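Before anything else, here is the set of structures, which you'll find just below.
Heads up, the next two complexes both have chain A, just with different partners, chain B and then chain C.
== the complex of A and B ==
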């Protein structure tokens, strides 16, 4: 292996690692706040990328109809609850969020000729389609089970993943898509050739990580989420709505998932089911951080990216085997360093 | 006899199946049988043991590929490859279990998720295993000169094995080891205090589930006569879990119902959905996913309990169990009154900056009741946890019967003869009162998993249940023996915990607020019981808030406040001790 290849593989690994890190952070966030192990994260990656591809092809992405439909279901359920409680005042806000937002985005897509828009606007539109799916799915699948054991939530999570993946096939078909790079070309830096898209990915990931850090450290909402993560009952006693915290964390996770998809689709062809493996690699990173630590999770994810890129060079057909087997030594180390038997809630 | 009628009917229907079913029906039932074996393992793992795995399909794959490779490349006998498949699968299961089972509950499913993916890609990329095309030309199974070539001939073998697994699982669950498995759901702390080695029990359950899956894979390979990686991929692993959950994850028969339902539904959806949607693909996963979410939200126990309810509690109603006569269990030699049982010296426990126990010393002798009292938050329960091995003191010494036990595992302390109850009742609400109590006698029996599965330990089991019954008679709960423990009032549940602790034949009893929630007469009965136990030479250490109860019962009293001992003495001395009065009533400012 010469320096050239080393740099190339390193770049590749870091680029993928940055994506995995974003996903790992979202997973840790969702787990901390809701105790849901967020397997469907990968579907948001695929939905984000494929929605963008559909917009660029001048088609109406079917994901928007999913958002409209889920919004309508949530509206019917929550309106019924509000009516029973005679809380008329809740209705307008509810209608605006569950019916208004998805319909407004649908109207925008119909009104604008999305294919001719500038790339940043297309991306914004794609995110506006996919991100609302997060809280809607939380409301329907997870909120009724908010106090269930982690194991039940995990099974629901897997079931949600299956449903969304199946729907992805219905929406986008079996063929894969690639979207154009944010900016073409590459930067020569001594012996290294840096692709602009890789720089975008790493740069944007870093910006997002810092933004998240500021959000959790400096804003009241962020602090409320952290409080919920630490102690649900305590947070509720302080007037923090754990339901709202759950929806918010799902929103952030969906947004980050979709954005990761948008970032990665110029480098890899994405299919309706590619998100799952990408999401799981984020997971391996998150597990390295014990599903608790944000920085360790991010570093773990970068490690996964590097391992993946180097193993694809040395033993390309065993790439996935190697990446997912990494979890074994990690778990072994965790198991040996865990002192006593943990008590389940 | 009526109880066995539904099962007999089911077996008769199955046995006559090939006579009246079309060939397609037999094929379908073959697959249902194969899936049911895997789902049954998950019932044991998830429904009973409270763990879960998404990687069962990979274990099926190991069983299938082992036999496929060895019977084609090395022409070994399929019966030999079954055993080799078990060994290989068992090895992997032990490895996976060893690294995940000590961690909190979600690491096992995550580990199996990753393992399921790894193994799938491994099967698809190993040239010796035929890559993604797989292996063909697997020989049929044969019994002597009889070749089981057709699906119909394998049908009987498959369902014989399914029924054998059902029988063995039911036997296992209705035994000493079965109670230990079911105790996992009551929390690790309780099970360990009863002497159950929870890590080991979890491991065995995981192993059994994996071996059932491997058996299914072995049969699959010889039914299909070829294998490729697809049926062992992660999504199949998830589908197995769906089967168990939809059928009824806590019920042996739920596995068969779930496997049948999901298989038939899948068949139907695979015909229907592509027509509706106009293209091919695994669209049935959408319906399965939604069904699963709905079930977990609305009917988490699955379909089988609903079926039972429909047929008006076939076998579900609590019926009085007739216990066979049995000899009493051996008892520990009694301790001489006055012999020091427990001696704690300078026990300190810090949680970060908080000192929950500071230099606590006390001792309990045989034939003595020592009460530990103090205001809420004084650190009494923390101290209990140090003594019983749930927690490790930061410094200090605890000896029990002359041996150091600080920091020892709680099951070792239990084995030495210390038994406890919990401040927050820890029972298994769906198990009967008697079975809950029998869990206390766990360490007094020896029957293993195999003996339980084959019912070779019935003599010992009868003795254990007799012992439980005697403990129940002693505490006055004998009338409730066959009720589910969850149906008792809270006060009775506390008494049940005492019976469970007694069942261990302890020499020292730790009782954490035993009288809370009891009515006046019940308290009197409890006091009588404790006095008679004391008369038999037991040492009793008791945490209690009810002063009338304590002062009338205890021989000595230790008072704690802010983690420290502030007084010790006879009840009468304690009642007049100014420090105690100040702690309880507040001092004059």
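== the complex of A and C ==
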């Protein structure tokens, strides 16, 4: 192997690793706060990319109707609960969040000619369509099961993944889409050729990771999410609602998933079902971090990216096998080094 | 009782509160009143239902009966978070701290229910809590999980005070602590009372609890066996024999 190939594979590995790192962080967050192993994470990647592609093609992405429909269902359920408790004051806020936000985004898409907008605005619009799906799905699928065992939550998670993937086929069809690069061209750096899009991916991922770090470390809301992950009862006794924490973590996860999709869609063609495999690789990273440690999960995800890239060169047909086999030694090492703790109810 | 009118206003009223774990009645028809600015203690042996009482008041356990705060009923659909929002704060027996966070982050999260008030108001409360617990100020950057038992209890109480509670419920604050620290904790409880917060203190350490409290209830196997001004309870022969270790009390 010469230096040029090494650099090329390294660049590829780091680029994919950065995406996996974002997904791994979201998975750790969701699991820590809600104990849900977030299998549908990949669907948000696909939804983000395909929604952006639809907007750029001048079409109304069907995902917005999913958001409007889920919002309406959540509104009906929560309004009924509020009315039974005679909590009229909850209604305006509830309506604004569940009906107002999706309808406002839908109106924006109809009112604006999205295809002619600048790329950053198109991206914002795509994120505004997909990210609200996170808390809405949490409300419908997971909030009623908040105290269920991890296994039940996992089963619901798989069901949610299947449903969203099926809907993805309905919404976007079976063909794949690719979106234009954020900026075309490449940078010659000695023997290395760096694609601008790769730089974008790594750069934006780093910015997002730093933003997450500041959110968790500096803001009261971020600390409240960590507190819920650490000690649910303690957090509730401080008035931190488990439900709110769950919705917020799903929002962050959906946002990160959709953003990852937007970032990778210029370098790979994405189909309605492409997200699953991407999400699973983030999951391998999250497992390396024991679903607890954010930095180890992020580093593990980068390792997955590099391993994938190099194995695609040496043993391309075994690429996925090699990547997912990584989980076995990691689990073995984890089970030998960590004390088994019975799940607390 | 002092003649102050405000002090006589019932803040928290509990009528016929009952909690069952399956077929076991952990609490049967408990009645209790906490007036504004008062310190009321609930004493009783292990398993009498003291922690159950506080958990039910906090909305952590489903209960039958009526609980009112300021005359407003706290029905079953008023959840824990909403009760915190109305000024009810519980310092649980297990402390339930955020072990991997710093002392200061634990305290700041105590003011989560006051996040609408703005940072300045919360910073003022933090300064007050540090005044009350200088030890916590010294250890502000340390992880809560590394604190000693006494410091943990102080942190749990400090964190509760960050919410500016109207009803502060303390569940066995002296549990598992050394005698010297227990004395310090009770000194702080007495001091808290002077700030005007109404306190419901659940304790096995009946002697110390009755010394600081205005009024007391004796809980036995799920029902209130005896109640009265704490001085009367401390003088009661039966209470003295059972809970205060004979005549010495």
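Remarks
Everything that follows uses one rule, which is that the second predicted complex is superposed on the first by the 338 of 345 C-alpha atoms of A that agree within 3 Å, B and C clash if a C-alpha of one lies under 4 Å from a C-alpha of the other, contacts with A are read in each partner's own complex, and residues count from 1 in each chain.
Here is the rule we use: a contact is a pair of C-beta atoms (placed from the backbone, for glycine too) under 8 Å apart; a residue touches a chain by one contact, two chains touch by 3 or more.
Only a predicted model underlies this, so the values are computations on that prediction, with no experimental measurement involved.
Contact with neither chain B nor chain C is seen for A:4 once the two complexes are overlaid on the shared chain.
Contact with neither chain B nor chain C is seen for A:183 once the two complexes are overlaid on the shared chain.
In the superposed model, A:226 lies in contact with chain C only, and not with chain B.
After superposition on the shared chain, chain A has more residues touched by B, the comparison being chain B against chain C.
In the superposed model, A:269 lies in contact with neither chain B nor chain C.
In the superposed model, A:116 lies in contact with neither chain B nor chain C.
After overlaying the two complexes on the shared chain, residue contacts for A:237 are found with chain C alone; chain B is out of touch. After overlaying the two complexes on the shared chain, residue contacts for A:147 are found with neither chain B nor chain C.
Touched by chain B in one complex and by chain C in the other is not one residue of chain A.
Of all residues in chain A, those touching chain B in their complex are 37, 140-141, 144-145, 148-152, 154-156, 158-167, 169-170, 173-174, 277, 280, 283-284, 287, 291, 317-318, 320-321, 324-325, 327-328, 331-332, 334-335, 338, 340-344. Residue ranges on chain C touching chain A, taken from their complex, read 58, 60, 75, 77, 79-81, 84-85, 89-90, 92, 95-101, 105, 108-110, 112-113, 115, 159, 163.
Of all the residues in chain A, the ones that touch chain C in their complex are 84-85, 220-221, 223-224, 226-227, 230-231, 233-241. Chain contact summary for the complex, chain B toward chain A: residues 46, 50-52, 54, 98-100, 102-107, 109-111, 113-115, 117-118, 121-122, 125, 187-189, 192, 198-199, 235, 238, 241-242, 245, 277, 279, 281-286, 288-290, 292-293, 296-297, 300, 392.
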